[in-house]
């Protein structure tokens, strides 16, 4: 439990390069803001990776040395190569944690792990969001108040087309009248997956203290566990088979 | 609730054509045996479809007129065309029920809906299996005893690499020492999915009364429900947004 | 599946007798309004029972002839006798369905089946509530739109101290800023339990078409299933024990 | 995360005092064996408490200074005072972890938290049990192999009358033909609960390395999380209520 958690913060990193307003909010990219925060937490080391690096920065070597991967993507989901998605998926099933933020709901990796469309409703008018903790005592809500607010954000509304989460940690209230399952825990294979709704390129969400706290908690919750080897295939009996004698 | 349930029984239908021993057990194919049973149940109509038919027998028209699809495949999973898999998946997410039997755990459609490898352990020595009902009061166990036995069967053992089922109905005990989650309920989109382990081409599993009872119950449980339209995308506010004024 | 469902609608029936305003809304009691609606549905027969009847109207004979019990209580939870609660609980575990409405969250029977305090936040200013369907394809949402509204209602807010529901069907949005898990499915023993939030003595909630539709759907969903006998205790081996020889 | 976990190991401690054979296996009681093991683990401090101490050793002060409570009882469940059960329950709902072992399934505290009878089948002929990990990557299976065996044990068989566990970690195979959900995770209120089947007064189960490993893992998994205050009752609106104006 005391071991270092090695996090790779992945970002599409396109909006920040093309939109001056966004570049002003996130001069080092959203990944830069998230990585800076995580690097300041005890027991966590951080690297970043982005879409336009070779192999999107997610080489086998990088993934082999990643305990928890965080994912932000939006306008270029389709540019993520299938072989990289497959490589990430194998690592998740083998135990690597995965945190998916905001518009990452539509990423190839998240949809492939969920098996559903991951579609939702949305609106971009900068309305107020209030996230309520509905799973008291959950590690991802460690140190949180019973709710926190984001004064101006993009709305995501139900229906959110995901499998029922193994645990539901946050439900969002939106000023415009919608609700959303905003903090959703899943396990796939040996890997833990946390979808966390907040985040948008034009609001300074990744500087919000509560959001950053949840991300830190999520990283700690999603760290791999050294469990039984995933072992499949043909097997000899462990007991004598008598019905065949 | 009183409406007719339209079932399509899909079968790879290859073993039966190439192996005389199997052809003798299932002269009309496994789909024939399953379809014959289901057709005799009140409120159910049945058609069949197989791999070697055009579009694998799963045209848009057939799927549009199918409430519950059952799936058996083994040696030719890779021959199922991706566009047909995608078509079936869309229908499941839109509400069509799906029952996956035995070696169908490795079918493209099941793996795509689960998001995991769906791998497992196996052994083929004809050992005894005992399936215990662990979800009392579940519709899929309607009319069952607390367990039923198959005298000679292929073993499937844990670890079964699936997401945790929404409901676990059966756990199998195997003579050789393994256990298996043999009756697993999932919901993906609006569609209900039931994985049921028993079944093998060389044992007369699909003539077993308990197995057939479970299949009938599964069909009834998985029938579509006429619920809200799955509606996504950009939305106007339902309430006045004041934080922007 | 075609059998008649025998429903007993239970009501505390005190507010209606002491408060003229409430008596005006529900001249035959809330149970009267609910029972009248259910009795008009195909395949359902209804009786009512209230607190001030002998044994609260829930004799062994009544319960033996009840498939689904609905429960409304508020001011007199503590007057419900423990032996009646125990009798109801045994029947639920044995398969009888239970629908708990609104302030019934604090009833002895619901708290005993949940194992938690079932506490929550509340406010009574007649604000607007919007209930979103979050489990597409669920039988309890059959025939519903993606949301429905109640123009003036008491607010219930998270944290709602219940075990995580087996399935979450509705989430409420409240005008005053809260959210609530308003439609929660549980199974305990062989019995299905549905908690449904709407309902209040001074608003005409139990005349609302959407609310009544959900109640009808809930009754159908909660009907008992004739499954394996619940059988416990000392057992002889089913297989020869060799490790002891 | 690095904080000390304060464990209280509770034991009925009657069998050991009255049965010389059991006393020989557990000269310091089962609680002594468990406590000795846990006390040797980093980051864990241990005290013990037993039935015949005043207030069963579970005073308000002891509970206030307990992060995780472990429970073994069998022949004297009914002697545990209701007010102590209530006190323990409040602490669990408030965040204290609870590990329940073997015959503790019938303890007042476990049944009260589950809301079901917690009944099961059993047989005492010293047969072999094999526990399979079915939740890969779960913290309670940290460091385990894919299964472990107990050569001679009491059998517990399905149906086990519990709510469906939030997570199912172990399934047992028994030589005599039964299966059992042997490692079950629940959350109630803010508290984490783990039921672990192995353990019996006449077999030296609590010296088994795999069993002890699971207990240690369980303690770490069940430690309390400092989350939002559990806060209920009447509330003022967080947003302006317009529908009433």
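Letters A, B, C and D mark the chains as written, and numbering starts fresh at 1 in each.
The rule is short, and it goes like this: a contact is a pair of C-beta atoms (placed from the backbone, for glycine too) under 8 Å apart; a residue touches a chain by one contact, two chains touch by 3 or more.
Not measured: the values here are computed from a predicted model.
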Residue numbers at the subunit B-subunit D contact, same meaning over half shared and different meaning under half, come out as same
Could you find the chain whose CA centre sits the greatest distance from that of subunit B? D
Just how far, in Å, is the C-alpha centre of subunit D from the one of subunit C? 31
Averaging only over C-alpha atoms, locate the centres of subunit A and subunit C and give their separation in whole Å. 36
What parts of subunit D, by residue number, touch at least two of the other chains? 130, 133, 135-136, 146, 157, 159, 161, 164, 166-167, 175, 177-178, 187, 189, 228, 230-231, 238-239, 242
Mind pulling up the subunit C residues that touch subunit B in the complex? 1-2, 43, 95, 130, 133, 135-139, 141-146, 166-167, 175, 187, 189-192, 220, 224-231, 238-239
Note: in the complex, subunit A contacts subunit C through residues 130, 132-136, 146, 157-161, 164, 167-168, 171-174, 177-179, 181, 240, 242
Residue ranges of subunit C in contact with subunit D within the complex: 93, 112-117, 119-123, 125-128, 151-152, 155, 157, 159, 161, 163-164, 166, 175-178, 186-189, 228, 230-239, 241-244
